[in-house]
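Before we start, here is the structure in question, set down as structure tokens.
We call the chains A, B, C and D, going by the order they appear; numbering starts again at 1 in every chain.
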Amino acid sequence: MSRIIELFPFITILLLLIFGAFLTPLIKKKSSIVRTNIAINIITMMMNLVTLVYVNNYGTFIFKFGHYGSPFGIIFHIGPVEVAIAMMFSFVITMVSWYSFYSIEKEIEEKRVGFYYILNSLLLASLLGIVYTYDVFNGYVFLELSTLAACGIIIVKDKKENIKAAIKYLMLSTLGSGLVLMGIAFIYSISGHLSMEYIHEAIVASSLAKENLLLISIVLFSIGLGIKSAMFPMHVWLPDAHTTAPSPSSAILSGLVIKAPVIFLIKIYYVVYGFEFVNSSRILQLMLIFGGTGMIMGSLFARRQKYLKRLIAYSSVAQMGYIFFGIGLGNELGLIMAIYHILAHGLTKSSLFLSAGSFIEQTGFKKIEDFKGIGKEMPVTLGIFTLSALSLIGIPVLPGFISKWNLALASIDSGMIYLLIVILLSSLLNAVYYFPIIINGYFGEDNLDGKVFKSKSKPIKELIPVILLTLAMIAIGFMSGPVIEFIRSGIYM
Amino acid sequence: MKNILVILPLILPIISAVAISSSKIIKDKYLKLFVAAVVFLNFAFIVNANIFSDLEIIHVITVNEFLDIYFHIDQLGKLFSYMAGFLWILTSFYSFEYMKHEGKERRYYVFFILTFAMIMGISYSGNLFTLYIYYELLTLSTFPLVIHADSKEALQSGKKYIIYSFVGATFIIFGMMILFSISGNMNFIGGGIKGIGEYSDKTLLLISFLSMFLGFGVKAAMVPFHSWLPAAMVAPTPVSALLHAVAVVKSGIFALTRMTYYIYGPMLIKELNGDDYLIPLVIATIVMGSIIALHQDHLKKRLAYSTISQLGYIILGILMLNPNGLAGALMHMINHAFIKITLFFVVGSITYMTGKKYIHEINGLGKHMNKSFIAFFIASVSLVGIPPTNGFVSKWMLGLGAMEANQVLYIVILLFSAFLTAAYLFPVVIAGFFRRGDDEKEGDRKELDPPRLMMVPIIMLSVIIILLGLFPNLVINFIDVIIVDVF
Amino acid sequence: MLMVQNSYIEVGAIILFGIGFMILLLNNNMIKKIIGMNIMDTSIFLLFISIGYIHGKEAPIIVDGEINAMGYVNPIPSGLMLTGIVVAVSVTGLMLALTIKLYEKYGTIELDEIMNMRSD
Amino acid sequence: MINKLVLILTIPFLTAGLSYYVGKKSERIRDLLNVISTSLVFILIIMLYPEVSKGTIEYSIHNIMGTGLHLKVDMLRYAMLFISGLAWFLATMFSTQYITRYRHRNRYYMFFMLTYAFTLGVFMSDNILNLFTFFEGMSLASYALVIHDEDEFSHDAGISYLSMALAGGLILLMGIFLAFDYTNTLEISGIAKGMENVSLAKQYILGTLFIIGFGIKASMFPLHTWLPQTYAAAPAPATAILSAILLKTGLFGVIITILEILNGNVVMSYVVFGIGLINILLGGFFAIMQRNIKRIIAYSSMSQTGFILLGIGLVGILGNHGGIALLGTIMYMINHAFFKLLLFFSAGAIYMILKEMSLNVIWGFGKHKKKLKMFFLIGVLGIMGVPGFNGYTSKTLIHEAIIEAQHLTHSNFFNIAEMIFYIGGAMTVAYMLKLFVAIFIDENKNYYGQYKNRLKKRAQLPLMILSVIIVFIGIFPNSIVRVLGSSGKILSYNIPVDIKFFTYEALISSVIILLFGGFIYLFIVRRVLIIKKDDQLIFLNPSYNWFGLEKDLYYPLFTSAFKGFSIFFKFMDVLLINIVNIIIKISTFIGNIDKVILPKLEWDKMIVVVDSKKMNTDINGKIIKTSTLAKEKYISEKENIKNKLVEGKEKIIETNEVKNQRLKHIVGNYNIKLSSITFSVFLMGFVIVISYLFIFTI
């Protein structure tokens, strides 16, 4: 039995790629494509759940393609971190697909609905691949795949803004992957391997001699993957892409697509280069600076936005800042919190985008000022929005608070207390731009004029996925202790 | 089973608030009855919990060593919970009448009851983290009360309130983070967490102390974080009364006490000289509140600034770091609650009965609202600190604390501010009783005292003010237990 | 100078990368940008393959009898670059498709003009 | 059996409450109730005498106000109680007629009785905290009496009175804090004991605080500023009470401080003595200047207070020999109460009839009023110190004490003090003569005896009683001395019994004073201050615009200090908000960097400015269509606009505004370019470079 379970990661990717992406286009009936894909998503989620339990009980395992171990074969390393993130990814995608099942027709043309689901499956497959893989080049391919799929779910709406945003995204993304490929070329020239563990051994053996080369390659990786995950100064593609995409796509883009490269980056840092080298180079400080400025500048930018989705997109920039900040702290707790924040933010941001999407869908407005009094018309949806926003602001017990708290502890551990100010300032800024939306939504006499209670709210059936997302978010907040312990058991350091 | 009884006062208001929020569960006509029942029942539960708890420790959720929500009922918590429970009853009765003209009663009662739960949580919380959670939730649950009018001004003030609160929370978190990384434990222990004083990096301890003090000081309206309080006066009067007397500012004070005496401990703070940095701010708070209050023509604003000044007294008492000072601070916490709630109730009655809000409008009104103005007079005499009212008792204790701390300056400040207090409160009484109204004739006396539901709480409170002044030993003995525990 | 002689392919690759980058950076025309991107990608492929190539060794294709493994160049980079080229081609394809769409929607493929039309 | 002391204290309280509610029903019953209860209290006080004469009575109730209520009556306190009991009794009787024309009579009685209760409390309490309580209560309750008229003038006076009283109370409280800190007790006797171990400097601080606190009530210089206007504002019975009794509470406090708490500290005694001298001179001088009866009597009160302070100071200076001075002081207090009551009542009677207080109007009023003239004359003679009237006795005693002090210390200071004593006495004679002559001797055609029988019997009765007492004490001073000295000691000072009052020296000095006073009146007052014109007397008050402590010093000082503080703290109040606003502006600026400043709208607006007629409105942001045609149109429009601009440049003077717009346009264009993909790529390259630099160089 355990052998079969160890096959699950591979099976999920295969299932998604073959059935979801390649075979379903052959089906003519649109609704069947949708149903098949959702079914595959659910299966994937189930399998991931099983794997999660398995890993929790029996520990990490390695899946070898075709029984070739490294260095020759490609291997998947399935440990707690991978499986937790994979679980989150598949859960979010499933929920988003479920949500889209009711509402995606309103945003994109009907003939493209099937296309959208196929791209979703493709995206999930590539993302899972990035998470699992222990082979740099394999990772690169999955990365490119994810970029293309992500581009696909942006342009699926087929408005001119989408095209423009997608081009911007694609252009930068290819630049980024070019840099990653360059980096791979450099480390390959040093080590002659592609499997992460073997590269590491080779690097350790020759680190002194090839230090400059290593440094160049690590910068290339950092910047390349940083572009893909919207690290602060290279975030310029993100607001456009996330704003213009259909809301479910935005949820996926913000929740998942920018997270996968971070996992890849973490692997490259700690599995490929190893803690000693990463710590001795200054790359972590660089991450810290970028992350810290991102945390503040992202929030500052967000504060000025007039469009709801754009605001949430900029908030993503800030939240990515937290993740890079956690990595940049360079200690175990920081890294754990970076991963924890990936989980937390993935859930939070997707439910934020979905609820924002339903505002836009039901009212037709886009600007924040038009959403005054929305709480009267759509109380449940705004409630979900509020909960998620509170998490980002950092109300205790919700995951946003947990990660902030632990990041702060981590920064105290690393002896940089002044970083606390950055964290707190950022969360304060979060409050500054999220609270007005909530307050204007629920209260205000002039706002509530002419609004009828629950007049525009969606049927609760259609909101179930969003509610589930929110519940999951609260759950990982409440169970942060076990979750953090679980991550700690598989951390790369 | 016993545990459940103990946390009942925390749960009951939440359940009832949910029940109230639906007009199907609680019909409109039973609304007030239900609220009254809840408030009384909860007070009974509080009494039950306080008397039968035997310092029990109730862990609700323990995620890990810091994410540990647990309740612990000690003397200080009892003091605070009694006060809150009692004043909540009075306020709810007052609101039954008053809120008729404010409208949106259901929404008001939902959050009114919900805030009760938060206050109970604050008073029973056993560690800093739980306290902090309830503290944040308190901000959120009082916010709808503040913006009850839903006007533009109300929203603006509400925004100010919430921003200030979160700035404060940010400071608190900052301090808590450092503290937790030092101590690894944030449970309240009388006299401070053991071993925290041995930590070598004193600057770090000092930073965390100051940051947390300032953070909690936001709710306690400490300069320069005070301006939300006058702005929050747009709220309906019972809300302002509650905000001032118990709910918000006193929770700030309570948290300050908890933090100073149950986390760091007076010894450590003396060693760190933590008080030296804060005293100037506190003194500024006291004097500034009084002086700016003198400039206010709006009755509620005047009272708001007065609150700022009085809170300064309490914080000063806390920072004296000696038994008398703390006793004075706690006494003043209680006494000021009773006094300020009376003042606000009277001001509310004036507005309710006549629609007047400014001091220049109320000339000669005391002749028509005899009882209300007498209550106002008693409360203001007490606030100035003239015996035999309770305000004097607490000021006396504070004065003794100041002497014990060898700081005559504190007394001078206290007395100076008391003089200013007289200067801003007595004109109201004088205008009410002794100034002639615009078109007043002899014997032309209208009965403008508010209806019974509003009048009875006011009278009860003023009687309590005098009784506590005549027989303060009841409270002093209660507080002595705390003092012994802490020092 | 010696370094350049020894590794002229690498140097050439980097120069190519720079050229591609500059084209990408300085041109407003979408097609030119795509070309620049392709030049960049190609330069990386070149670099990669040059890593695998060892002067004087044969391609790892068995023609007449097996010789020692040391006699062959490393085949993996070449193999990898096949994948890389596929990826690059697909990206280019998508990019071109998008460019067509762009022209349909905006009536131009000059990016600065498109940016001028921003309506929000 | 309830203790008499408690009874004395509670009856007025109960009466205060009752009279308000009874008064709503029937005014007669209320009046009766008040008269009965005051008489009851007075009787109770008299009944206390046997016990007091044996020794001190003490009584305490525990657990009130945390410290308990501690009552004590010794001879000094008993004397005070006695005069207050009598004064209130008489004042109540007088009020029953006087107050009938006022508004808010119920209120008046309530506060009148409250003041009574608190005053009794002040005199009886042994615990200094109790004393403070009653003292403050007294100030607050008497405030209502002061502003009874509710006009602007009385409100001004009231505010002055209340703020000084409160300030005094708080300063006193400060002293109490210190005292408690030094001695750890609140009993006055305990503090006195504990003071022996306290350093002198601390004693001085304590004494100063106490004396300031009490001295405000006692109208000590320079804290007397509230006094004249307050007395002028209050109704006559209230003024009488204020002057006769409330002034004494302050003096009582000073006595307690100097003689009991500080055990007769010599330095403090000199200070009090000195202040007494100033009080005598200033009070007398201003009394001469005034032309309002009440004001004259008010300043007279201040001057008389000076004599009493003199006595208090002398007790301390004389130390063990201070018995005679103490006796003189107490006698003075008693006598002053009586003749001041009489004078104010008479003035009140005049005011009741005429509703006017200024001598310019009422001069000559009493020419034909025999009874009133007689009462007033007795009061005047009493205050002047004419032998045979009570003022003479106390003045004699104090004069003797001064001489004794001079003998004891051989200091010239006391010679000067004696001179001032004479001058002060002479001033008293002068202003009293001025008053008396103006009202009762001078002939005014307006008054020909038309207001007969306006003064009822029950209002005359108090006047009569007082006149009898004044004369009685004047003739048989030793009866009082015997009463006071019955316990042998007052406050540890031996009281001499059977003093010879009518000695040659004393009579001579009295005559000197009278003559000197008459001289002042004739040659200064009549010449300078009174002008005769067409049979009309016009009284001048040159001091009207003189430098006044309150008007010219305290008020500006405090208001400017207050304004300064206000400005500072208002700044503090908004400091944070301003800082935050600035930060928000900065962050807005930063936050806007990535946002494209759209120049197009500005551009269009500018065009409209330049040439509004020719422009089509539809190009405002709506020209972008998805077809090439639209694009061409757009471009051509743009060209047009440019051309127009060029033309406009020739025709219209290019204003700065247009220049700015152009600049904005250029910047905006640049911005657009930068925010495009090109910019992104550029940024990425920049980041790479920075990263390399960061890693390799630092």
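In this section, a residue touches a chain if its C-beta (ideal position, glycine included) is under 8 Å from a C-beta of that chain, and two chains touch if they have at least 3 such contacts.
The structure displayed is predicted, hence computed values, not measured ones.
Give me the ID of the chain with the smallest distance between its Cα centroid and the all-protein Cα centroid.
Chain nearest the centroid of all protein C-alpha atoms: B.
Counting C-beta pairs in contact, which comes out ahead: A-D or A-B?
Answer to which pair has more contacts is A-B.
I'd like the Å distance between the centres of chain A and chain B, where a centre is the mean of that chain's Cα atoms.
Here the centre of chain B sits 44 Å away from the centre of chain A.
Measuring from the mean C-alpha position of chain A to the mean C-alpha position of chain D, what distance in angstrom results?
73
Could you state the distance in Å from the CA-based centre of chain B to that of chain C?
The mean C-alpha positions of chain B and chain C differ by 70 Å.
Go ahead and note the Å separation of the Cα centroids belonging to chain B and chain D.
About 33 Å separates the centre of chain B from that of chain D.
Among the residues of chain C, which are close enough to touch at least two other chains?
Those would be 24, 33, 105-106.
Could you list the positions in chain A whose residues touch two or more of the other chains?
In chain A, residues 160, 167, 171, 175 touch at least two other chains, as defined above.
Check the chains against each other and report every pair that touches.
Applying the touch criterion to every chain pair yields A-B, A-C, A-D, B-D, C-D.
What residues on chain A touch chain D, complex-wise?
Contacts found on chain A: 160, 167-168, 171-172, 175-176, 179, 212, 215-216, 219, 222-223, 226-227, 233-234, 236-237, 281-283, 285-286, 297, 300-301, 303-304.
Mind listing the chain A positions that touch chain C in their complex?
Per the touch definition, chain A meets chain C at residues 137, 140-141, 144, 147-148, 151, 155, 158-160, 163-164, 166-167, 170-171, 174-175, 177-178, 181-182, 184-185, 188-189, 192, 194, 307.
So in the complex, which bits of chain D are touching chain B?
These residues of chain D touch chain B: 63-66, 103, 129, 132-133, 136-137, 140, 144, 147, 150, 155, 158, 162-163, 166-167, 169-171, 173-174, 177-178, 180-181, 562, 565-566, 569-570, 572-577.
Using the touch rule from the top, collect the residues of chain C that touch chain A in their complex.
For this pair, the touching residues of chain C are 17, 24, 30, 33, 37, 40-41, 44, 47-48, 51, 74, 76-77, 80, 83-84, 87, 90-91, 94-95, 98-99, 101-102, 105-106, 114, 120.
Would you tell me which residues of chain B are touching chain D in their complex?
By the definition above, chain B touches chain D via 223-227, 284, 287-288, 291-292, 294-295, 381, 384-388, 392-393, 396, 399-400, 402-403, 408, 411-412, 415-416, 418-419, 422-423, 426, 430, 433-436, 442, 469-473, 476.
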